[in-house]
Amino acid sequence: MKSRKRLNVAMIGYGFMGRAHSNAFHQVGHFFESSYDLRLKLICGRNQPQLKSMATQWGWEEVAGDWEAVVERKDVDVIDICTPNNLHAPIAISAAKAGKIVLCEKPLAISVEESEGMANAAQNVPTLVWFNYRRVPAIALAKKFVDEGRLGQIYHYRATYLQSWGAEPAAADAWRFKQSEAGSGAMGDLLSHSIDLALMLNGPVDEVSALVRTFAPGREVDDAVLMLARFANGSVGSFEATRYAIGCQNRNYLEIHGAKGAIRFDLEDLNRLHVFDASDAKEVHGSHNVLVTGPGHPYTSHFWPPGHILGYEHTFILTMADFLQSLEKDETFHANFQDAVKVQRVLHAVEESSQTGSWASTAMQFANS
Amino acid sequence: MKSRKRLNVAMIGYGFMGRAHSNAFHQVGHFFESSYDLRLKLICGRNQPQLKSMATQWGWEEVAGDWEAVVERKDVDVIDICTPNNLHAPIAISAAKAGKIVLCEKPLAISVEESEGMANAAQNVPTLVWFNYRRVPAIALAKKFVDEGRLGQIYHYRATYLQSWGAEPAAADAWRFKQSEAGSGAMGDLLSHSIDLALMLNGPVDEVSALVRTFAPGREVDDAVLMLARFANGSVGSFEATRYAIGCQNRNYLEIHGAKGAIRFDLEDLNRLHVFDASDAKEVHGSHNVLVTGPGHPYTSHFWPPGHILGYEHTFILTMADFLQSLEKDETFHANFQDAVKVQRVLHAVEESSQTGSWASTAMQFANS
Amino acid sequence: MKSRKRLNVAMIGYGFMGRAHSNAFHQVGHFFESSYDLRLKLICGRNQPQLKSMATQWGWEEVAGDWEAVVERKDVDVIDICTPNNLHAPIAISAAKAGKIVLCEKPLAISVEESEGMANAAQNVPTLVWFNYRRVPAIALAKKFVDEGRLGQIYHYRATYLQSWGAEPAAADAWRFKQSEAGSGAMGDLLSHSIDLALMLNGPVDEVSALVRTFAPGREVDDAVLMLARFANGSVGSFEATRYAIGCQNRNYLEIHGAKGAIRFDLEDLNRLHVFDASDAKEVHGSHNVLVTGPGHPYTSHFWPPGHILGYEHTFILTMADFLQSLEKDETFHANFQDAVKVQRVLHAVEESSQTGSWASTAMQFANS
Amino acid sequence: MKSRKRLNVAMIGYGFMGRAHSNAFHQVGHFFESSYDLRLKLICGRNQPQLKSMATQWGWEEVAGDWEAVVERKDVDVIDICTPNNLHAPIAISAAKAGKIVLCEKPLAISVEESEGMANAAQNVPTLVWFNYRRVPAIALAKKFVDEGRLGQIYHYRATYLQSWGAEPAAADAWRFKQSEAGSGAMGDLLSHSIDLALMLNGPVDEVSALVRTFAPGREVDDAVLMLARFANGSVGSFEATRYAIGCQNRNYLEIHGAKGAIRFDLEDLNRLHVFDASDAKEVHGSHNVLVTGPGHPYTSHFWPPGHILGYEHTFILTMADFLQSLEKDETFHANFQDAVKVQRVLHAVEESSQTGSWASTAMQFANS
């Protein structure tokens, strides 16, 4: 094994995502070789007892309370942001200015303007946005098929992200329902994932028509958002994200229909990709039910033999593995801050369309910003 | 068995739907008792050799070539229309004026105006529109659950009707691609079914935003239509109908999420209904995979014991069975011409919205007509 | 259309199967051209009021009470037997001796000896046994794949036939629980179907080891039967048939694994065949989920366009259609009485093995008979 | 967090299972609190370069080549055995005699006698056998339902463990095909898992009838094994394990039918349990499709929020978590060596039955040993 460069990570925030990131930082070295040696240097947050407990359980060396001091520390190489959304921008911009590698949870920001400020500030540092579902092996396989032209010209892109906990508010993180901290509801939390995958798999969105709805009386953020889209490649898209789909826990679903084939994916069945190949003999036309655990599948050889399934957390491990490889090869990692700005532009068009009742261009609002 | 009143049927048109209707007229008496005795009196169409062949195979007593003469015949009680869409209105209006019972394929007409003319002309005769999917036992079970309030307040209605033969035009009926005969493409052919079910299951649609697309160069009618909807009950809807969903043959899918439960249906799996009941114990929360073949299910006791599945054609048999019962009881049958006018109004709003790029009200265009 | 020869059918018995057969006799001519014109001449049974009601509903011309007279009638060409199992042999033998075409429900008989007597008596008349699942289009497609060698050498054959009504005896036909009338329980009723399909798809069974169980106290017939099998082709088989599989209504399931591919079928999802093709590219290895409704599928072009599903009753229609074609071409139809004798031999070996606790040969008991 | 007792682990063997165990030792402390602090002290094996590479990647402190020396080391508390099967007994017996905690891969041994020797030697030390599938949350939920009597009297137990790599021997670990090292093929590797789950879920097996088959010419071990079983509780069982199920990678499937309900599980869909509850209203009778990720499900609260799926490796983490808890509470852990002896007895009966062609008692061979 090669000699390795140490990378000290400081994580700001320590909730659900803090645990998922901590796990990824630990596990990436077990499954991937790298010239970087990640160290879990410190975690920073407001509640010191909780922070200490988490540091002990996950092996963080230190705890801290003041992120502004943390981003200035010389012994920190990487700032990982998993705070409420309204703090992403100030922390990321400070960290970037201090020359740190910056990792940030999605949605990147609560407005296009903010996200562009972040992207500008971070032009000279490596950035990563935790759009972790890009690294689901089944999604990566879908991307490969699209890139190879195996679906042919794309006609339809369809995505739904269905959860139900908005209807059971007791169970939820309080900040996710506050406009000032979350910026939005299902839009930033769920639709952002669907849009990021759509941009990766099907290219730019030109225009959207959207409907935004809050079902819970008095709630500050949206519970559901529906969107039609015109893609630059001529295909049409249908999107829906909601926290009011009773019975659905994490149904992040997408389906693409092209001239030569189709694919279908559901996050609740993370290890499967359904692939229709129009070139199959007619009598066996039917979606291939592919268990994407190898052989011949993206990423999977790093884990277990074929047939042994992966879980949610592996998407974070894989995100980190690819990021470390991009650092090593000095290549641009995706999704980075620039990629996330594109997502914000679509989210902005969604808001605009939902207010005007007309189609909104993602380019128009780009010109304004 | 009671003595039965003879009803002589004349069918105008003899394609795919002609066979489905012929089958229903034959079979309804085998599975249902009725005070009416349906007779397959005559079929009318342009191609006499084909017509004769069909009459022989399906036991029609006569063939005829002139529908205007047929609707005037004294020995005809029922006119069943399964011609191309542009002929629905003239035939139906003449038949209604002649006092006949009028059955008509969907979409009822090629415009709201035309459909309203038909409904007006037929005010005093029993009418039926072949929105046959209302009588899928699983759909009827869903309707029962909705009516009993078992889904609670509805939040989301989602429907997709996915076919692929638009991309293989050689296989298609030629008239279905002609504006003058079909009026529209996926809209009238597929979306009309989805809208009819939505109106039945979830009530009126107030407004829509829609996108209509023709993928095939030079084709006169739409290949795909996407629609967002605001329902009068406060729920939001997403609809998509396409003939360009490669790999899908007849995926007429719908899903409803309410406060207390959810249901999911796919026509390619016609005998199943997936039912989520939020009042189940948490540890067994999960959609019930219900094989809707009885016991305790709508319609199914008329056919085979539980576990023996029904097919596509049974939806027509059941439509006819309910219609005969409504005649016998002198009750209003649904879907009738008035119901179909409501579908046309939504379709009209779809066209309007797709042209203006803004939301269109189903009420506004109603005022115009 | 060609001029057609009239075939007068007399049906003995009038229960669930009587309805399924009546339907097939009516419908075969609607979906298939034939040089035979089936007439529903008479039904024969003990309960005259029920018989008359059924005759009216299904269009049988006459009713009769004495099967011995019926089989002698000159104006009857075909005897169709759907009585309790113990009457199959006497009726079939008399009918065959009278030169009639003989159709008989399964299981053919209640012993090997009886079935051989029937086959001997019927050597010179066309016979049919209603092993209707051979004509499920998905099963016919599986047969085609096997015959073409597309599964390669077969390693595994697995069949389960799971129902639950044995645990709810109130719902059941009384005669099915009587040893004297039914002969056996799940064995003759369900396992016979699985064995017939296995013999058709995978060839002869050499030996079996079996376990037979009655769960209901005091019941005369078996509720469940499990069987291991050695096939002549070197493959191994696992079979299970039960009326005590709570939650299963009609799960007639089979799965075959060969060197080059695999297929999987479930009667509750009658229109699907899952096909694994080892020659697919590794990255899309996965069962094709084939909706067996055409194009390119057995039988389906006779009914509706692709994507429009068929039901249970179509298997009877297709059985009749193939039978009429075999008459017309003077070819041997399968499954005939000889085929059904082979099923009885396996059932006999099952009983023998369950009594001795050792493997039983299907050839040994053949030598004895 | 409490002060923790250090437990030094030495792992003998370093293949696929070595990685799965290493991961479990690392991860258990991240997701579970414990009074034990596991240390990855040393790994022992024959190939020192491979061993060093693995030690570096997985953070083992030392490497060693001589297991006999390792089991004597004072600074080792736990011996974890993941060598080929023939080495399980000598290592485990030595380790137990040296007073170590002993963890061992399955199958525990290559004969009943050997396994009993191991269990005897280890009477006074804590033992664990890596029957990891006991800790699949869905399986644990099934166990809870069985224990609560929610399935009622059990009628049927059905298990298949289907893999295909036996037909692609190039891909396989060489030792697994050698009689001297593996002891058996599908029997010890796959059927042992199915039997362990059956004994846990459905209690003792009295008798079996089995068929063992090797398809590959010249192969020393079995490729497939089929087994019928009579359980002590009166239910009947069907088992099948094979490495020749083309198209199946890791389909460890089980299904239980009882008087009040049924459950169904497939390891390739690890996070699901299908639950039929006969007490549901008839009209919603159908298996609940339960995503076993909480709330209210075993184990899942330790990982991610509901809807975020777990993978194969979590079963090892959970096994370790429960084992540490049993140590802490001084309770007996299952599956231990005694439990694994019971599995060996069934495997022995399988071999006996396959040789004699008759049913074999698990008690009889117990008396012999």
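We call the chains A, B, C and D, going by the order they appear; numbering starts again at 1 in every chain.
Convention: a residue touches a chain if its C-beta (ideal position, glycine included) is under 8 Å from a C-beta of that chain, and two chains touch if they have at least 3 such contacts.
Quick caveat: nothing in here was measured; it's all calculated off a predicted structure.
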Common contacts of chain A and chain C, by label, are B, D
What's the call on chain A versus chain B, same or different interface residues, using the half cut on shared numbers?
-> same
So, what's the distance in Å between the C-alpha centres of chain D and chain B?
-> 54
Between the Cα centroids of chain C and chain D the separation in whole angstrom comes to 42
Just give me the whole-number Å value for how far the CA centre of chain A lies from that of chain D.
-> 36
In chain C, residues with contacts to at least two other chains | 248, 285-287, 291
What part of chain D is in contact with chain A in the complex they form?
-> 1, 16, 19-20, 22-23, 26-27, 29-30, 33, 53, 56-59, 163, 171, 248-251, 268-271, 291, 293, 295, 303-314
Sites on chain D touched by chain B in the complex | 141, 274-275, 277, 280-291, 295-297
Spell out the part of chain D that touches chain C in their complex, as residue ranges.
-> 155-156, 158, 160, 162, 164, 167, 209-211, 213, 215, 224, 226-228, 230, 236, 238, 240, 242, 244-248, 257-262, 276, 278, 285-287, 357-359
